[in-house]
Every structure is written in C-alpha cells, then in structure tokens.
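In what comes next, chain A is part of two complexes: it sits with chain B in the first one and with chain C in the second one.
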Partner chain A sequence: MASKNTTKDIITLRGSSAIVSEFFGYAANSILYNRGVYPEESFVKVKKYGLPMLLTEDENVKSFITNLTAQLSEWLEAGKLQRIVLVIMSKSTGEVLERWNFSIETDKEAVEKGVSREKSDKEIMREIQAIMRQIASSITYLPCLDEQCVFDVLAYTDNDVEVPFTWIESDPKLIANPQMVKLHAFDTKIHKVDTLVSYKNDEWDEE
Partner chain B sequence: MQSEAQVKFQKEANLRKNAESSEALAKDKAISLEEKFNHLSGSIERERKHLNNELSQFKKESKLSVSRIKADLERMECRAYSAENESELLKQQSEDLRVQLDECRRQKNEAERKILCFSSSSNDVNSSEALILVKHLQEELRNFESEVQEARMLKSSHESNELMQVKLLEEKGRRERVESELLKLQEVQLSVEKLEDELMTWRSMINEIPGVSCSDDIRRKFAALQAEVIQNMMKNGEVTAQLKEIEVVLEATELGKQYAESEAKLAKEKAEQSMSEVKRLELLLSSVNEEKDRLRKDANAGKTQRNVEPEAEKKSDTFIQELEDALAKKECSITELESQLCEYKEVISRQHGEIKLLTERLSNEARRLKSLERESDQLRSEISLLESKLGHGDFSAASTKVLRMVNTLAVDNEAKQTIETLRTELQKTKEKLQAVQELKVQSADAGNLIDSNISEKLAQLKAQIATLEKREERYKTVFAEKISVFRRACCSLFGYKIVMDDRQRSDGIPVTRFILQSLYAQTDDEKLEFEYESGNTNILGNDYASQPEISRQVEIFIRKMNSIPAFTANLTMESFNRRTLS
Partner chain C sequence: MRRSDMNGYSFNRLPSPRSQYDILPGDRFIPNRSLMDISRAQTLLSDKPVQRSPDSTFNEEYRKWVEENLTLGSDGKPFRMLVFRGTPKSGRTSVPPVDEFAKEEVYRKREEDLKLRKRIQQLPKSPDKCLDAPNLIDNFYINPIDWGKNNILAVALGSEVYLWNADNNKIQKLMEIDDGSDYPTSVAWSKGAKMIAVGFQSSIIQLWDAQTSKLIRTLKGHKRRVGCLAWNDRFLTSGGFDGLIINHDARARENSTSTQGHSSEVCGLKWSGTGKLLASGDNNNVIKLWEASNMRSDRVVHRLKGHCAAVKALAWCPHQYNLLASGGGTTDWCIKMWDSNTGKCIQSIDTTSQVCALEWNRHHNEILSGHGYIKNQLSLWTYPSMSKVADIVEHTSRILWLSQSPDGLTVVSAGADQVLRFWKVFQPADARTTEGESLFSLKRFHIR
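Up next is the complex of A and B:
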C-alpha cells in the first residue's frame, strides 16, 4: 500500500542517459567477469542495484570502460545511439563467439523538446536488477569459452554522427546462424533498453 | 458470380502472400549463406595464404637443409670410408713399424752388447771402427725415432677417424629428422590440397548461384538482394500499417456485431411478446366465440319460450334485442381483434425477416473476422521473422553507422606477448649457439654449417624484433602527438594549462594530481591544484588558493554549489577582466 503513495521521480534526458550509460558499464563488467574474459581475481565486489556487483581492477580495462561510458552518455543525450554491442571473440582466431546486444529506443520528444517524464527510481532499479540477474545466470546456458577471449564494443549510431577520436568505423562482427536468447528490458520512459544475447551455434547440439 | 470471383481473388491474394513469405525466407537464407560464405572464403583465403607461405618456406628450408645434409653426408661418408681405409693401412704400417722397432731395439741391444764387448776386449784397437759403428747406429736410431713419430701421428689420425664416425652418426640422426620433417611437409601438402579442394567446392557453389560468374557478381547480387530486403521491410511496414487498419475495422465490426446481436435479442424478445399477445388474443377470441354461441343458444331458448309464453314475448323481444346488440358489438370487437392479430402477425413476420437479415450479416462478419485473424497471424509471423533478423544484428546502412572503440588492450597484450616469446626464443637460440660453439671447437666444418643456419634464424628474429620495436615506437609517437594536440586544444578551449602527475598517498592509495594554470594568470604562482581519485575531484590548498578572494570563491562554488567548472570559469572571467582592464 505504501508503494502506491510514493511520488514518481522526474526523469530528464540527461538523467536517463546517465542511468543507461552507468548500466552499460556495470553490465560490461558483469559480462567480462561471468564469461571469464578476465581472471576472477582482477575483480572486486561492490553493491549496486541492490545486488553484489563485480568491477574490474585492471587499470587498462577500467579506463577503457570509463572512456566508453562517457562517450555513450554523450550520444545518448543527443539521441543518436541506436544500439550497443559487446562482442566476445576468440583471441587466437578472432572468431566472434558472443554478441551482447543492447538496443536503445529514445523518446524523440524528450530529445527535441526537452520534455521530462515520470517514473520511480525504484521501479527502474528493479528492472535493471532483473537484467543483471539474467546476465549472471547466463553461464548456465551459454556454451563454455574454452579458449582465451578478447572483447570489443560496437556502437550503432545515426549516420550523421561525427566519428570521435578514439573510435573507428567497423563491420558489425556478426555471428552466422546464431542462437538467440532475449533477456529482460528496462525503460526510463526516455530510453528503452532491450537486451539480447546471441551466440555461436554449438555444432555438437545439431547432431 | 461476384462472390465467387472475390473468393478466387482472396485465394490468389493468399497464394501471393505465401509466395512472398517464402521469397522473404529464401532471401534470409541467401543472406545468411552469403555471410557464411564471406566468412569462410575470407578465412580460407587467409589460411590458404598462410599455409602457402608456410609451405613455401618449409619447402625452401627443407630443400636447402636436405641438399646440404645430403652433401654433408656424402662428404662425411667418403671421408669416413677413406679414413677407414687409411686407418687400416696405417694400422698395417704401424704393425710393421712395431715389428721393425722391436727388431731395431733388439739390434740396438745387440749392438750395445757388442760395443761393450768391444770396449772391454779391444778398447784401443777398434775404437775408431767402433766410433763409426756407433755413429752409424745412432743414425739408424734417429731414423727409427722419426718412424716412431710417424706411427704416433697415424695413431692420432686413427682417433680423429673415430671422432668422425661419431659425427657421422649425428649427421645420420639429423638426416632422419629431416626425413620426418619431409613427412610433415607431405602432410602439409595434403592439407593444402584439401583446402584447394574446398576452395574449388566454393567456386562451384558460386557457379551454382544463378546469375553469378565471379565473386564480384555475388557482391552485386547481394547488394540487389539487400535492396530488395529493404524494400520488403518497407512493404512489411506498409503491411503492418494495413494490419493496424484492419484491426481497427475488425474492432468496429465486432462492435457492430455486438450491437446487432443485442438488437436481434431485443427483436426476439419483442416477437415472443407479440406471440404471447397473439395467444392471449386468440384465447380472448375463443372465449368471445363461446359467449356468442352461448348467447345464440340463449336466443333460441328464448324463441321457444316465446312460443310457450306469449305474455313474456315483449320482454323477451327486448332481451333478444339487447342480446343481438351485444352480439353485434362482440362481432365488431372480434373483427377488430382479428385485424389487430393480422397486424401483429405482419409485424412478427417483418421482425423474422429482420432477424434473418441480421443473422446473415452476423455470419458474414464472423467470416470476415476469421479471414482477418488469419491475415494478422501471417503478418505476425512475418514480423517475428523480421525481428529475428534484427536480433541477428542486421541494420540498414542508410540510417545507421557501426563504430568500434579502438581497443588497445588486446593489441598491447599481443605485442607484449610476441616480444616475450621472441625473447625466450632468442634466449634458447643463444643457448643453442653456445652449445654449437662448443661443438665447433671440436669440429670446425660441421660447426660452420650449424652456425650459418642459426645466424640466419637469429637475423630473422632480430629483424622481427626490430619491426615490432619500430611499431611500438610509432604507436608511442602517434600517441604523444595526439596527446599534445588534445592538451593544446584543452588549453585554448578552457583557458587552463593542465599538468597531470600520478603519485601515491601516504596510505598507499594511488591518486592523480592536476595542476591548472590560467592563460590569463599574471604570476607563475597562480596555480590551482586538484586531486582526482576514482571519480572524485578535490581542490588542494596552496598559497594561491588560500588567498581570501580565491578561498571565498572556493567556498561558494566548490563547497556550497559543488561545481568546479563554475569556479574555474568564474576565475577565468575575473583574470581576463583584470588583464584587459589593466
């Protein structure tokens, strides 16, 4: 009953961008940890979204993710970001093994007219929490990554976006005939983020 | 006829839709095949090149080493054979010499004995003769000594011969190794053939794709297919819009249907009501008829009574009159009721007609509803197909650009690892070289060979290291250039020269210190110091910051308003004003 009485929080474009880019930072850390791209001991536990989350302590990775989220929030505020993809590839062959796909729908009115929306922070946090739980549990169905892997981040932006200094145009790094699992979505009323993981088909399953 | 034609038309439309959906499926398949093909052809090409390179290298290396080793072997064999012969000969010679030496010794002993005899018996007489003899004997002795030396030399050559045999064995081992490598080479050749076969199959597959003669055609074709896909997407958009429209119409018709149903219910109720009224009227009619009959009977009875009682005739006449009047009235009301009944029947039949019409409309609507549902199912499946494509990562190049953040993590690691592996390899090679040098001392010829081999490899590795180091240097210079551009741009854009250094706090936590100096600073001491640690930036106290004017601004902007940019901007404006005014 009490929750019904809580007032809804005002969400601005800037605030929403901050929520989404922060979410991506934590999600990327969680994926790198859970998929074993970096060793377990290079992560520390922190509390976020009401869950114990893991953050990398590797200085290079840390600065990479910090620069990344800064750029993402810039694009999000301009409403130019359509999708973010975290790609996990084999280190030796460069073959793409997993694609963590975060599709973003931006409220055009909020970008063009600066309209703000209402949604409680608690509700957004609950939605993000569900996604984080799903990422953590994804190891139960995703194929084992036996080899050493590296990661890459792709951003699908509008065509008129100027390419920043540390970014280059790239191919989409697709997986041929992938398996797909749709995860939960979250919505700040300004940005709607749909999560989907596609991964390389395990040949043994088809036999 | 028209309805038949419509049905046919609908069938045709359905067929067309099916065909379109199968076409879309085929296109999808084609796209996935293209991707697979691109991927495979790329990897095959790369692998083939790589293998070809390796193969040619292997071939060259193996040929070289085989020929070298063969030549070595032959030489060694020849030498060994000759050495064996020589050693045999030398053995024989040494044997002879030994016999001779023994003989010589015996003779010498004899001579000495003789000399002693001579010296004892005729010391004076034959002294001159004896001297000559002694000289002669000494000469012979020298000769024998030289022979003995020769024999020793022969013996040493025999030893070297044995050493050569050991080397020969080593060389044989090497030959075996080379042969095994040759086997490997054959395997590699086989795999190359396999890859070529695969390439051929891919080529044949290209040939099988209609309208394609070379790989460029495929690109063109796929571009056309992509254009078609985009068109189809557009069509799909249109179709979804249509679907929405249809859904709206469906809802309207459903409302109409409900309305018609309720109307039909009402009409049925009305019909039932009127039926019950008709029944009631019929009952009324029958009761009236009965009454009429009864009255007639009464009238007849009255007539018979009139015949019997004439005095009551008058009374009965009026009574009859009354009765007849009532009868007439009743008949009148009967006809009225009958007409009313007819009217009701008409109304009922009309309502029946109306109900029939409504039920017909209802069944029509239901049919339409079903067809619309079918259509919506089809469209839904189409939408899910397109969504799966979207999930796969497809995008329209017309509206979207894919960017990748330059990831130097893997590159750095790779470069480091390559350098590390090269270093270990170098270390190993050095060790080998040392071993070889040791061997070289023993056998100059064989050593030279190995030395040349290793030095070649060493030179290769050194060249590799040099290129890698050059690359690293280049990265560093590019990075430095970009950094300096960035710094200068920051300085000219924000008005502060920024100096950054990393240090450790007393408790061991690493912090980054930033020293900002305004472009409009009037003295060198006008510097602001900030400390940055895991996302938090704090101002540090120094002489300049503790000036009352500055510390007041720090208090307002940083402590109260929590904004460093506002503080620095304000400071910039003040410094600028001061400078321009002064």
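Up next is the complex of A and C:
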C-alpha cells in the first residue's frame, strides 16, 4: 500500500502525514476520554504506540474524527497545515474551557521537492508515546470539568488552500488569561509537532 | 521502564532511576519557562493599571480592514482559521418542545421547496458540448472513458484510444491496436495523469506515457478481458472477466499480486478516497471490500450483499470517507448506500431503471446517477435524504458511463447512442453564504 513504507527508517512526505494525522486521531480520543467529554464506557482499549490507547465506540464521533483526520492528512501532504486545535467548550454556555494546540512545522523542501528523510521509526514512536503519557497525566493539574462539555476541532491553514465545504471560517476560540502548559514535541524530520494545552484558570485559585 | 508491563496511566510508579532515564522521562514534566512572558508579567505586577477610554476616532471599518489584511500568525505567516463542520458528532441533541417542533417543520419544508426550485433552475437544459464517438462499444462490462487530472478525456473507440483536451478542444490519437480481434476495454489515468493504463479484450494491460505517447510497459496476469482499472497512487488495480483482481506496481517490473476476488466478472472497481479500501462489484450481485495491505481472497473485509443484479456503479463519497454508493443493473434498479466500517446498508433507493454509473458532487451533498431503459436519463439526488432533484433526459439509448472533470463541475455521459455529452451539472462550492448555512446550519446541529 502506498502510504506506509516498507523500510523502517525512510520517511516520505506521505508517510509523515499519515503518522501525524493518525497521531492526532489517537490524541483527540485520549483527550476526550481523559477530560470526560464522553462517558468512559463508550471507549475501548487498543494497543498503539506501545501503550493501551482508548478509542471511542460512538459511531458519530468515530466518523467525525475519521473524516477530519482524512482531510488533515491531505493538507499535511500539501504542506499547508500550520496548526490543529482541539477546543473543549461548556455545552450550556459555549465558553471555551480548554484549548489543545498542536502546531506543525513542515519541512518545505520535502513538500516541494519530494525528498525523503531518515529517522528511526522507533524514535518517533517513543516521542509520541511521551506525549500520550503527558496527555493522560494532565488530569492532575487541569481543572475539573464538572459540566457537560462539547468539543470542536479548528485548523489553521495557509491562505491558498482548497477548502471543502465541510470546513467553515471560524474565530480562534481563545481563552482570556489562560494558563498554559507546554508538552513534549515529536519530529518526523518532515513534520514537527508541538503540543500545548491552555486552560481557563480555576476561579478558586484566584484568591 | 518502558516494558510491556508498564501501565501508561499508573501514577504511583516513580520514574526508575539513573540507567533507564533518558531525555524523555515519561509522564512527569517540568513547566517550560520559555512560555512565560516574564517582561509582561513584571509590567502587570508593578505598573498601575491604565484606564483606556474607547477611542472614538477609531473607525469600525478601518479596524476590520486592518484585522482582515494584517492577520498574521505568531510566526509571521498569514493563515486561515477553519472549524470542521462535517458530520454531526452525536445523537445527543436536546429535544425541543412539541409546538416549536411543528413550527420548525413547516418553516423547514418551505425552505426546502425554495432550495429545490432554485437548484432545478441551475441545472443545464442542454449539454454544454456534444462530441461524436463513433465505434464506442455498447457493452455494460467495459469502461472506455476516463477524465484525467490534466483535464484530458481518454476515450476508447473501437480499436483506438483518443485523447481529447478539454482546455483547447484538441484531439490526439494515443494508440491503435493492430490485431483485428482485440480492442481496448478499459482506460484509466494515473493519479497525477502522467500515465494512462489501457486494458484489453485479450487480457493484457498497457501503460502509456501520455505526454510522449510512448508505451512504457505491458502488464500480464489476467486470463480474460480486463474490464475495470483503478489507480491507487502508484499501484494499478485491475479487475477482469476471470474474477481476478490484480495489483500491479507501476514502477517496478514484474511486481504484482493477484487475488481470485470473485467467482464472476468484476464489473466495478473503485479505491476509496484515502486509498485504504478497495470496493469491487461483480456479476453475481456482490460487492467486496478489501484492505490495501491484505488482499488475499479469504481476507475480504466486508461482503456487501443486497443487490439482485450486476453491480457496476460504485462511488465513494468525497466528504464522508466511510460511505460507499453502489448501483444495481437490470431488474435491481437500486442505489444503495453502505457504511464501510460496519459493512451495513444504510439506505436503498429504487430508481426504477438500470443504474450504470454514479458520480458524487464534490462541492455539495449530491449524487448523480446514469440510467438505461426506458428514459436513459441522468438523475440528480440530494444526500442524505436521497430525494430526486431532477432527471436530465436526452440520451436516446442507455447511458453506460459517467466521468467527472477535475474541477468537479462538469460530468460527461456516454452510452450506446455513441455521443459524448458534457453537462455543467454541479455548482461550485459557495463562499460561506446561504448554501453552507442551510446545509450545516449551526442552529440545527448543536456543536457536538
């Protein structure tokens, strides 16, 4: 099959895009589980990145995430994706409570000339594993989300990108005076993904 | 520390010391000071807050203009902000009170009627262009037309293959087969339209370089006519009368894997948008879904049964990656929608006519189907309601093939009457105005 590489260590643009969009799919599922956006019973455990990862069983959420990661993969191959943000909002008030920011730096040479890079698959897996662990442990410092929450996914793309009608223009959904925590990054040598979570300060702390 | 017994979510384990400690310490982390804007924090702490009265000289319009034109990301690059509104996320929408519901129903019906009328007005009354296609073979089981990304339409007429350039209307003959008994039965442009594959009645497949009109390679493997071709990046998949599905690697010599996919002729072959799944329809009314990496005949991912006639028309939805549409032939007449994740039939519509081809609209939620007896019409349907928008009747005998232009606005229909008709049937995506609003209206779908 075209996108996965047979030799371990050569990364092509396509392979890298597949890795990044797959990572986002799993990260999004992990965030939804850990932050309690969807009930825990609706998740099932699978083995990925050497860790037990949780994936949602809810058909609607599953297809939502599949459709969107497919589009992200396309944009990544074109080198047009700058950032992906998963926003968690309160269902009742629509206020943004958390913002999981994944910024992407693309190696322009790989996009324009189609060169491939070398990096050990294992190394990339380890880096992703570290990020997944950090997401899981983030519940130790993130404020409790007591109320019913909903999520949205925003994409920051270049201006000249072709946008299917399933994506619409949006405001950035920022948080006022957020607390920010920078997590680990991973690098496929073609795409470098940085993770950052910003959240609304717990009012309790302000005293 | 990173052995398989480690539960990623247990917080009680201390990181094991020294020897295993590498640059990535696992789930513990130290906040990164690079994020803190120390100078700003200092200012906020020490300076007295300054009251700023709204500057009345600031023109609202000017401010908007500045925002629009000077929005740059933190790295200085201009960007667009997009939010995904594809499929509604969950069934957990709240139930509105009853009479509000009824009012909403009436309003929605009126709105839908208006939309329908507007859409019908936009449909072409006659073809944008007509091209004569003499010697076009009237055979349900072949696929002689394909519109490539280079905007060139390849057509197999009799024993020859022609290339028609949609930009400048020039026609060029690609090749002609001299053997009197053989003729091309399928054509397919590669993804980047650099190569074109031609399958023949005699079971061979030829790969041609379109720009130089040179034969690159001849591929063998089938025992009978090659009726279907489908490209997946650099792999060419072919389906034949013998029921075999063969994956050829176009770049390497003598590199192909063959599967006895079906017990009867393979009529339809389509790779999904993501290139992960292959759908193949056969003459025994069955559709099979295969995974790219695992094409052994006992490793079918799903068997989609339900049609009662040959399945030639197959089309993957461009905006919902697990949705496959299929059309049944004579006596079946149905268009069926399948979920490729579960293998279940989600919807089935009786169109009262043989379905020979399907094309999804890339810019809106619509699907176009080509039919045979009696009306030989093109039918346009909205998805997901699958209500018919209109019929376009002009062909004098059955439509056998449909192909879409690379910009997704024109569809060419061809059939037994040997005329290629080009229809500007699909409208371009609107720039975030009424169309986008009503399809995915935020007031109807909660942000879920």
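Keep this in mind: the second predicted complex is superposed on the first by the 199 of 207 C-alpha atoms of A that agree within 3 Å, B and C clash if a C-alpha of one lies under 4 Å from a C-alpha of the other, contacts with A are read in each partner's own complex, and residues count from 1 in each chain.
Everything that follows uses one rule, which is that a residue touches a chain if its C-beta (ideal position, glycine included) is under 8 Å from a C-beta of that chain, and two chains touch if they have at least 3 such contacts.
Keep in mind the model is a prediction, meaning the values are calculated, not measured.
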When the two structures are laid over each other on chain A, do chain B and chain C clash or fit?
clash
Thinking of the overlay built on chain A, is A:182 touched by chain B (first), by chain C (second), by both, or by neither?
both
First, second, both or neither for A:99, with chain B first and chain C second
first
Could you say whether A:51 touches chain B, chain C, both of them, or neither, answering first, second, both or neither?
second
For A:140, decide between first (touching chain B), second (touching chain C), both and neither.
second
Thinking of the overlay built on chain A, is A:153 touched by chain B (first), by chain C (second), by both, or by neither?
both
What is the contact status of A:73 with respect to chain B (first) and chain C (second): first, second, both, or neither?
second
State whether chain B or chain C is in contact with more residues of chain A in the superposed arrangement.
C
Is A:130 contacted by the first partner chain B, the second partner chain C, both or neither?
second
Pick one for A:170: touches chain B only (first), chain C only (second), both, or neither.
both
Chain B has the stretches 275-283, 311-319, 329-337 or 527-535; which one runs into chain C?
527-535
Residues of chain A contacting chain B in one complex and chain C in the other
60-61, 64, 67-68, 71, 82-83, 91, 150-159, 161, 163, 165-172, 180, 182, 196
Provide the residue numbers of chain A that touch chain B in the complex, in ascending order.
60-61, 64, 67-68, 71, 82-83, 85, 91, 99, 101, 150-159, 161, 163, 165-178, 180, 182, 196, 198
Considering the complex alone, what residue numbers of chain C touch chain A?
2, 4, 7-9, 11, 24, 26-29, 31-32, 34-35, 73, 75, 77-91, 232-235, 273-276, 292-293, 318-322, 341, 362-364, 429-430, 432, 435-436, 439-440, 446-448
In the complex with chain A, residue positions of chain B that touch it:
32, 35-36, 39, 388, 391-395, 398-410, 412, 482, 486
If we count contacts the way the header does, which residues on chain A are in touch with chain C in the complex?
1-4, 14, 50-52, 58-64, 66-68, 70-71, 73, 82-83, 89, 91, 94, 126-127, 129-130, 132-134, 136-137, 140, 150-159, 161, 163-172, 180-184, 196
